[in-house]
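What follows are several structures.
Below, chain A partners chain B and then partners chain C, in two separate complexes.
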Partner chain A sequence: MHSTVKAAKTKRSLGARAADVFLSDYFVLYMSLAYVAVLAPFLPVLLAPANLSNVLSNMWPLLVVAVGQTFVLAIAGIDLSQGAVVGLTSVVGAMLIATMADPVVLANAPVWGLVLTESGGPFGQMEWGFLLGIAVMVAVAAAIGAANGASVAVFGMPPFMVTLVGLISVGALAIYLTQSENIRHLPDAYVMLGKGDIASVHLGPKDTPQIPRRQIHSFVTYPMLIAIAVALLAHLLLAKTVFGKWVLAIGVNRKAAELSGVPVRRVVVLVFVISAVCAALAAVLYSARLEAGRPTLGEGNFLLDVIGAVVIGGTSLFGGKAKIVWTVFGVLFFVLLSNTLNLMNLSSFQIDMVKGGVILAAALLDVLRTRLMRERMR
Partner chain B sequence: MTRTKLLAAAATAALIGVGSAGGAQAATICFAFQDLETEFWIAGHKAITTTLTEAGHTVIERNANEDANRQFEQVRDCIAQGVDGIILIPQDGESAVTIVAEAQDNDVPIAVFNRPPSDLSRGIVVVADNAAIAEQAVDYLVEEALAAAPAGETLTPLIVVGDLGDPNAVGRKEGFYAAIEKHADRFATPIEVASEWDAATALANLEAAVTANPDIDLLFTSSDFLFPTIRSVLEPRGMWKRRGEEGHVLMGGLDGDATACQLIKEGYVDATGVQDLYFEAESAMDAILAAIEAGEAQPNQVIEDPGFALTAANLGEREMDMWGCVLLSEGFLRN
Partner chain C sequence: MSALLRFESLSKAWFGVPAVSDLTLEIAEGAALGLIGQNGAGKSTLMNMIGGVVEPTAGRMLWRGEPYAPARPADATAAGIAFIHQELNLFTNLSVAENLYIDGFPTRLGMIDRRAIRARTEEILARLDLAVSPDTIVGELSPGERQLVEIAKALHNEARLVIFDEPTTSLTPRETQRLFDVIGRLKAQGRTIIYISHILSDVARLCDAIAVLRDGLLVDSGPAEAFDVPRMIRSMIGRDLDGLFPPRTAAPGPTPLLEARGLTQPGVLEDVTVTVHAGEVVGLFGLMGAGRTELARILFGLDPVEAGEIRLDGAPLPAGPRGRIARGLAFVTENRREEGLMMEASIMDNLGLVSIRDFGRGPAGLIDRDALAARAEEARRDLSIKAGDIGRQPVKALSGGNQQKVVIGKWLMSAPRVFILDEPTRGVDVGAKFEIYALIDRIAAAGSGILLISSEIEELMGMADRIVVMSRGETTGALARRDFDRERILRMAFRETAA
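Let's look at the complex of A and B:
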């Protein structure tokens, strides 16, 4: 009798512990570690320093966009225009800061002669001109975000429809401005923001006087610092300020938040501004690493990656439940997933199918976690 | 020696033979391509993967699905995997520059197949002389147009332009204009239709252009893959006619694919500029394998494919020099 009770207690305790892990803020991090532990014996290159360096490098720009999307999902919204904002702002920035431009490629662009000439953009020859370019990118993004937010908050239009229109029209504007061409010749200081190393490491013995570049791995990079700074600021904003509490309150119940005195309209507009500004900062990282302003940046499966990473992290699509640390882990898992599927030599179509399945599973997990949490609260 | 042992010995000898036919020791090659949306890329992909695999090399394939950032990340993954060399079909000339630099900075030799970087100074670049090939094809169309038109009549040419971020598209446009400008007094200013290498964009823009200018005398498309799109615009307007029929629009393209070959045979198309796909694929593979064998990490070389024009006039002699006609004869379009 005594042993039966003890066994039941142990069993209950194990179940409760499993539920604790499942509901923990670090669940996705544990899942990522388990995923690596399971795959590492079959994919030895997975833990190679060069590969880990790549995983981190691929994580930073995606994290910046995902942080913005987290705010929108937290108010039970969605921002489909982020990819188009990335494309447009990358073009706007590039045409302002390019140090030269090729008339053969760009002479038919409407911006040719007005903003962009053979000697580049208006800020192209200034030492710190790239910072002015980034400021304009952020301002353009903020204006788009404000328009999206106002449409949702003031006119009561559904975020899905508003941002879908943004996706189409902002994307079209990006293509129109350069007639689909890319703008090259970005300043070196700008390019550094996307791929510059601050500290690199070499692991292993030094066999030759000159260590081959291939064996030197990026460790601390500019995109890493930018992404961590954005995530940290966003975390403070969402978790430690009244604004953050308002955001989550709107996501739980907009009407109740309104009745409680939350300035719902202002908060919703600001949330969409944050989302678009994050997209613009990501545009800096993406265009700098590819060394060109590209109107097609953010097209294709980009939104799947962004929303997928946030949802995998645990942010609820129904609103009211979001943490930046979840998004960090979600992006890490998502990038790891892409990386390992590549290492398995799967085709891009198979990779996208697996990613879709994982996102669906994450959405299902979200439902289960919410239900479990409610049961615990009773 | 038993019969089984004899067979085993023969098989071993055959394998050794295959290995030596491959030349260099077995290498791991990353083949990163942007997509396989046209016959040219499909045939190029097949030629490269089949030849390398049969020569005993390992091929790691990466399809970027037309996403330059994804291709950049895939190439970096390949480098992390420790590949010996990279063959790249980039999304465009700009991303090619960045990716070539990334590979060379990491001491991995890289060859760019057919779609050249905007800067040709780095990497092995195998590229067709697009301007010269386009000019040859359009020269033929111009001669035919002038021969058929009454003296003094001004003719209207139209060009479907590719994505001008791709140096191939720029070269083809230059070749077209070079041919037209030889007889500038007989031709009106050419109508330019943007395609961005996208069939839907080409369809919309060509419909608008043909509606506004129904009296086109000569049409040149910067890629053969757009012929089905062109047909869907011209046919309902009664402008899709064979050579010799009233209302035939002189038409030419560039690539040399199976569809173009069939349309030239049927008389709807008059000429196409041919890129020697097999020469280009072989050159890219040979150059990258030679660099690996020599331990050369940053080989820089431009290999030019001179190409030629297949026309209704030389079809009988040169048909089987065109890769698309070879595929057609193998039943490619029946699949």
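Let's look at the complex of A and C:
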């Protein structure tokens, strides 16, 4: 009996083994590596240290937002308001911590004179003021997330509608606050969070006493540490805690979860809070890198990038099936895709068309994977 | 009589696991074949092969003597095969006539010829003795009427073979009777029937021939006259059941656990009083619409109640299910797919759903996986859930009976004081039913109380210490075990004055 089982296992068809790879947690990582391997001969610059450093630096902020979105998709919801939250919190943070401000640019903003003056924001002159600013950003995001979550959980409104309204009105508020101007002059300590290196590499001969900055490639950076910390915490939360079990249970069968005593409303509200807070943390990384709070930071195709990356990773749009490690790989693939399309000198319109097609393919993949798994269960 | 449909060495395997093996059988034109077997015996796979949903791995089918290999459900319909499923495939937002014609409307001048479809629909409905207008929206019909519309669709498609898959599950006794009349009429018109059901007496009554499947094999078949219910059961499970019910091992205690007094909710319940004592199994009987499930939902805190009080261990219960679960109430609902289980999730995740908080450690609630796995494994052994790896295998892959054990198991892991079981053996095969009854006895013997809701009188008479009967939202009587009497119970359910 035992030996026949073993024989059957070794004799498994190529198709079955391909299906194993397809269903594995690491499928998207393999796909990313294959993608690089195929393209590298044609795009040698892809593997240049400067480009790899660039790919990594684009990956971290997107990862932080995508981690938040993963929780929402896990309960079969969707959060369209994340981009607007990024824009709003970047402005809120910047107006609190700016060290100075230009009246020519910002005098028309409704916050001028109230919060922001020529000598910057209220926390601008404090040594640890930027931390207070971040705390306020997180609090604002948490409030928006709680409002989203309460609308969905308590009033039973569809997440799509609630967060679409959030996307439009929160985005508009961000633009209104500064009259669509950027707020510059952020404190150095804050800017460090967005672009500060901890370890960097220089490849090549050391023939001059001073190595020019552009030959030094950041490797370990603050955004990297922050993003990895967020992803690690999120992984523990989703995969190892009671809360995570509840999230996935609601995603698979909300009714059964409710009848089994899962505090469904509380969990749903918290999930939207997590999503918005992740957006605020990403806003820190984005605005620090830009050295400015910009109301339109999360506009345009930002949302496409976030949801696309999570779905490509393998988190199901139907809920109940989500892993942070999938999202990590999805973000990696998506950043690689954007990067390679850029290197091919395609216009941003062409890039968006390709990205759209890839995301559609990912959604199709989700359907196929679900079907394949179902067939295996039969 | 010639064979309408013939299977020749038909087989289907899923990833090497046979679901139907080497099946050879034929169905005579104009006959009614009863197909029985436990859940997982291969009935559904066989039907899916006939219906073009699943392709056989070996063997072939012959339809009226010609090789028949449907690639999609439309091929089966075109051949003249119709399915009447448990879950009906009707558009509830469309009218009866529109449902009949959904796959091809006759047109006149490019517009739907409404007069023609109405006339034809009226004619078909008259053949079925269904007195509704062709323009009635299907959503407004009762489950029984909807099923007749489904049969009307089969007639409209000139089906020669009509396959019924557990058609009586959601029907009232009256609707069931009407269905049987219609089946008789279909036979009189020379149509062939395959009838699949767990209700063996119905199968015996309706069918000319019977085929029994077990583990994908045809284990017994022959003319219906040669089969009685005991032979059917023997063939299905492969052994004799000593009795349908296990003996009760302990007598109920005197302490009241759950006390509901004067529960009233307009249009739902009227002054309902029920008490469940420690170690007691209280059977709750009533016809469709008597308010049994409604009472269960109110007891569990899911639905509002205007007046009355509910106490557990002498103290009033908090509002809402979460507080009541914490106090020791458990509810196995009648709809395990939609309300009981996370079908795609693993057996372990399902078993842990209610009690997961007990396995959370520290302020973050990190799950102690070893403790959870050990406890779940204990539950699996305890309930003899037939599964391989409970951490990976999804509940979906289990048979109906084992799924139900998982639902009961998830509550057992939180050690409840009172169980509300709503139709716990629905859609469960004979062997697993016995196991669930034995489990009920064990839970009661351990001192918990059980409110057992069922529409099968025999089940309640076999398991309950006391039977409470409801009718139209009121309790109409209660009988102790020594007074159990089928007729008296039914009279109370129908509200005929007790003689």
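Keep in mind that, in the parts below, the second predicted complex is superposed on the first by the 364 of 378 C-alpha atoms of A that agree within 3 Å, B and C clash if a C-alpha of one lies under 4 Å from a C-alpha of the other, contacts with A are read in each partner's own complex, and residues count from 1 in each chain.
We take it that contacts are C-beta pairs under 8 Å (C-beta built on N, C-alpha and C of every residue); 3 or more make two chains touch, one makes a residue touch a chain.
Remember, it's a predicted structure, so these values are computed and weren't measured experimentally.
Once both complexes are superposed via chain A, do chain B and chain C end up clashing or fitting?
On the shared chain A, the partners fit.
Counting only touches as set out at the top, which of chain B and chain C does A:Ala256 meet: first, second, both, neither?
second
Quick check on the superposed pair: does A:Thr117 touch chain B, chain C, both, or neither? Answer first, second, both or neither.
Once the two structures are laid over each other on A, A:Thr117 reaches no partner at all.
Is chain A touched at more residues by chain B or by chain C?
Partner touching more chain A residues in the overlay: B.
With the two complexes superposed on chain A, say which partner A:Ser200 touches: chain B (first), chain C (second), both, or neither.
neither
Go through the superposed model and pick first if A:Ala50 touches only chain B, second if only chain C, both, or neither.
Only chain B; A:Ala50 stays clear of chain C.
Classify the contacts of A:Val242 with the two partner chains as first (chain B alone), second (chain C alone), both, or neither.
In the superposition, A:Val242 touches chain C alone.
According to the stated criteria, A:Gly320 is in contact with first (chain B), second (chain C), both, or neither; which is it?
A:Gly320 sits against chain C, while chain B stays out of touch.
Could you work out the angle between chain B and chain C as seen from chain A, using CA centres and rounding to the nearest 10 degrees?
130
In whole Å, how close do chain B and chain C get at the C-alpha level once superposed?
36 Å.
How about chain A: which of its residues touch chain B in the complex?
Those in contact with chain B are residues 45, 48, 50-51, 53-54, 57-58, 102, 104-105, 108, 179-182, 184, 212-214, 286, 289-292, 294, 296-297, 299-302, 338-339, 342-343, 345, 347-349, 352.
Inside the complex, what are the residues of chain A that reach chain C?
8, 16, 236-237, 240-243, 245-246, 248-249, 252-253, 255-263, 320-321, 374-378
Using the touch rule from the top, collect the residues of chain C that touch chain A in their complex.
Touching chain A: residues 14-16, 300, 302, 321-322, 325-326, 331, 333, 338-345, 349, 352-354, 356-357, 359-360, 364-367, 369, 394, 396-397, 410 of chain C.
Once bound in the complex, which stretches of chain B touch chain A?
On the chain B side, the touching residues are 60-70, 72-74, 76-77, 79-82, 92, 94-95, 97-98, 105-108, 118, 163-165, 170, 194, 196.
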